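Each structure below appears as structure tokens.
In the two assemblies presented below, chain A is common to both, partnered first by chain B and then by chain C.
Our next item is the complex of A and B:
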């Protein structure tokens, strides 16, 4: 029976792919050609215009707060059933334990202070990257007059307006956009990451931590090697600034490219093919969240270990 | 690497290098495929086949490359660990003598 079901599923998938290959390009006639904009679009809420990436960020925050508030309600209330976790509490505890153990491997006993920040980085970036895959992101919004470029005509169906592929003077301002497709968000996260690395460095090594950047002692008493050490310190200072840029642009680049892909591919082949890219985006979203957390943890390990120290 | 102490300066820098490479790889491969596909389609008038084919092919390629990179980084990390433990054992033995 299982084999029959498997064969049927494979046959249906092959059929859908064939259908997509034949009908897909024809579907372009009905699809609105994509318009990709790097800066976040703004839409009015009362007297102010709010960027749609902010709405995506708030949604990600609400999902996270809701999940963890619901998952930890028994623990916070001090109820005895919290001792035997069930349902959401199991999920929340499993996520925390996995991440905490992973980070303890990197940071050892230093990790306890840093866990809240690092785990928040991972979960926020993960949820912000994944919520953009919900249908309606970047496709539902307000229709406004197009200020520049080509607009589209609109068609009314009941109370709703739809953009059509015909030329016109209207454009769509989506209400929701993935937070990390707006460069401001990854850069803000990068600034927090690099700033907190310095804070943890000072906490671990005292004010002597800054001697890795400006090493006056080496310059005055170290001879030629001292001068070299001083110059290396200046390079270290520069590298802290490049970290902000690399952190920010890596996350932004990956997620923005994913957004472009999810806009371009359905406009070429509207059926079936986009599914593969949605799966890829799930993977990329998780990898980017993990990479951001791991890099912050690794840089913190470097900052708190002291120059030249290794275990 | 000690479980309690965590990574030191060198291991931390090594991990950062590997993570940074893995973080950039997927997007580079897919954007190259997308760019090449769009260019070929516009030159040959075959829209959307080259774009679709190259981008679809880039998905397993990028996943494979990420896994390869992660595994080779893990192997290099293990090699470094065993070398360092060898060195520390040798230095302990020479101190005992």
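Our next item is the complex of A and C:
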């Protein structure tokens, strides 16, 4: 019985896929073709134009603050119930414990001061990546006049306006867009990450931390090897700047590509196939958040371990 | 050839060719990680950490290709 059901489900899925492979190309006549724009669209609030990625970022922040404010309300109020966590508090504590233990494994004893920043990186990027999977992101918005001649016609259904496939002079400005699909957000996170690495390095090693970059002592003392060490220091300086680029573009590239994928795949195969890519995007979002946190932790571990310690 | 066409072709080639090396590299890292976990399952936590670090460094090369492709598409 179970096997029959499984076979039926698989057959129905294959059928739907085949159906949508046929319907998809036909449907392209009636469906609005995907339009991908790298810069965030802006829509007016009062006198200023606000980028829609800011809205996505604020939404992610609100979700995160709401979750943790609700989860820790007993602790903050100092109530005795906080000693025996229930419901949401359990979840919040489990998330924190898991991440904190994970990071303690990488950073060792010095981790306590860095935990807030690193865990915030992880949770913010994770939530920002996951909220974009809510239907309505990048599809609900304001209808405006298109700048160039590439707009669509609109049709009114009840109180709502829809874009149609026909050529016209209107375009959609989505209200919500994933924060990390706007290069400014990942770059800002990357700048914070690299800057804080320097701060932790100085905290751990004093101003001698900067001898990692400009190693005058090696230059004056140690002959040929000293010159080599000095040049290695210059390379280290360069690598701090490449870190900013690779942090920023890694996050941006992955999440932006995910957004494009989720727009293009439904326009090719409208049924079933997008589900698989939604699951892939959940995974990619989590992995990118983890990678961002772990790389920051690893670079911090390198920066706080002194040059002299392993000699 | 048209300048627009060349731009598209160059961007596609930049990211397409630039992704080959990192792809192989990440595959090798995954292979190493899986083998290491298979031989010493208790160390899987450390292996995962180091694996993701190595993947990130390999991926950085692909990111440079992505940057070049994006510059070609949107800036040049």
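One rule holds for everything that comes next: the second predicted complex is superposed on the first by the 287 of 311 C-alpha atoms of A that agree within 3 Å, B and C clash if a C-alpha of one lies under 4 Å from a C-alpha of the other, contacts with A are read in each partner's own complex, and residues count from 1 in each chain.
Keep in mind that, in the parts below, a residue touches a chain if its C-beta (ideal position, glycine included) is under 8 Å from a C-beta of that chain, and two chains touch if they have at least 3 such contacts.
No experiment lies behind these values; they were computed from the predicted model shown.
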>> After the alignment on chain A, I want to confirm one thing: do chain B and chain C clash, or do they fit together?
In response: clash
>> Per the contact definition in the header, classify A:106: touching chain B only (first), chain C only (second), both, or neither.
In response: both
>> For A:142 in the superposed arrangement: first (chain B), second (chain C), both or neither?
In response: neither
> Of the two partner chains, chain B (first) and chain C (second), which one does A:250 touch, if any: first, second, both, or neither?
Replying inline: both
>> Between chain B and chain C, whom does A:95 touch in the aligned arrangement: first, second, both, or neither?
In response: neither
> In the superposed arrangement, does chain B or chain C reach more residues of chain A?
Replying inline: B
> In the superposed arrangement, which partner chain does A:276 touch: chain B (first), chain C (second), both, or neither?
Replying inline: first
> What is the contact status of A:38 with respect to chain B (first) and chain C (second): first, second, both, or neither?
Replying inline: second
>> So in the superposed three-chain picture, is A:291 touching just chain B, just chain C, both, or none of them (first/second/both/neither)?
In response: both
> Touching A:67 in the superposition: chain B (first), chain C (second), both, neither?
Replying inline: neither
>> Quick check on my understanding: which residues of chain A belong to both its chain B contact set and its chain C contact set?
In response: 105-106, 246, 250, 253, 291, 294-295, 298
> Across the complex, what residues on chain A touch chain B?
Replying inline: 24-25, 104-111, 246, 250, 253-254, 257, 260-261, 264-265, 268-269, 273, 276-277, 280, 283-284, 287-288, 291-292, 294-295, 297-302, 305-311
> Given the complex with chain A, which residues does chain C contribute to the contact?
Replying inline: 45-46, 49, 52-53, 55-56, 59-60, 63-64, 66-67, 70, 74
> Okay, in this complex, where on chain A does chain C touch?
Replying inline: 38, 102, 105-106, 242, 245-246, 249-250, 253, 290-291, 294-295, 298
>> Which stretch or stretches of chain B touch chain A in the complex?
In response: 1-13, 15-16, 19-20, 22-24, 26-27, 30-31, 34, 47-48, 51-52, 55-56, 59, 63, 66, 84
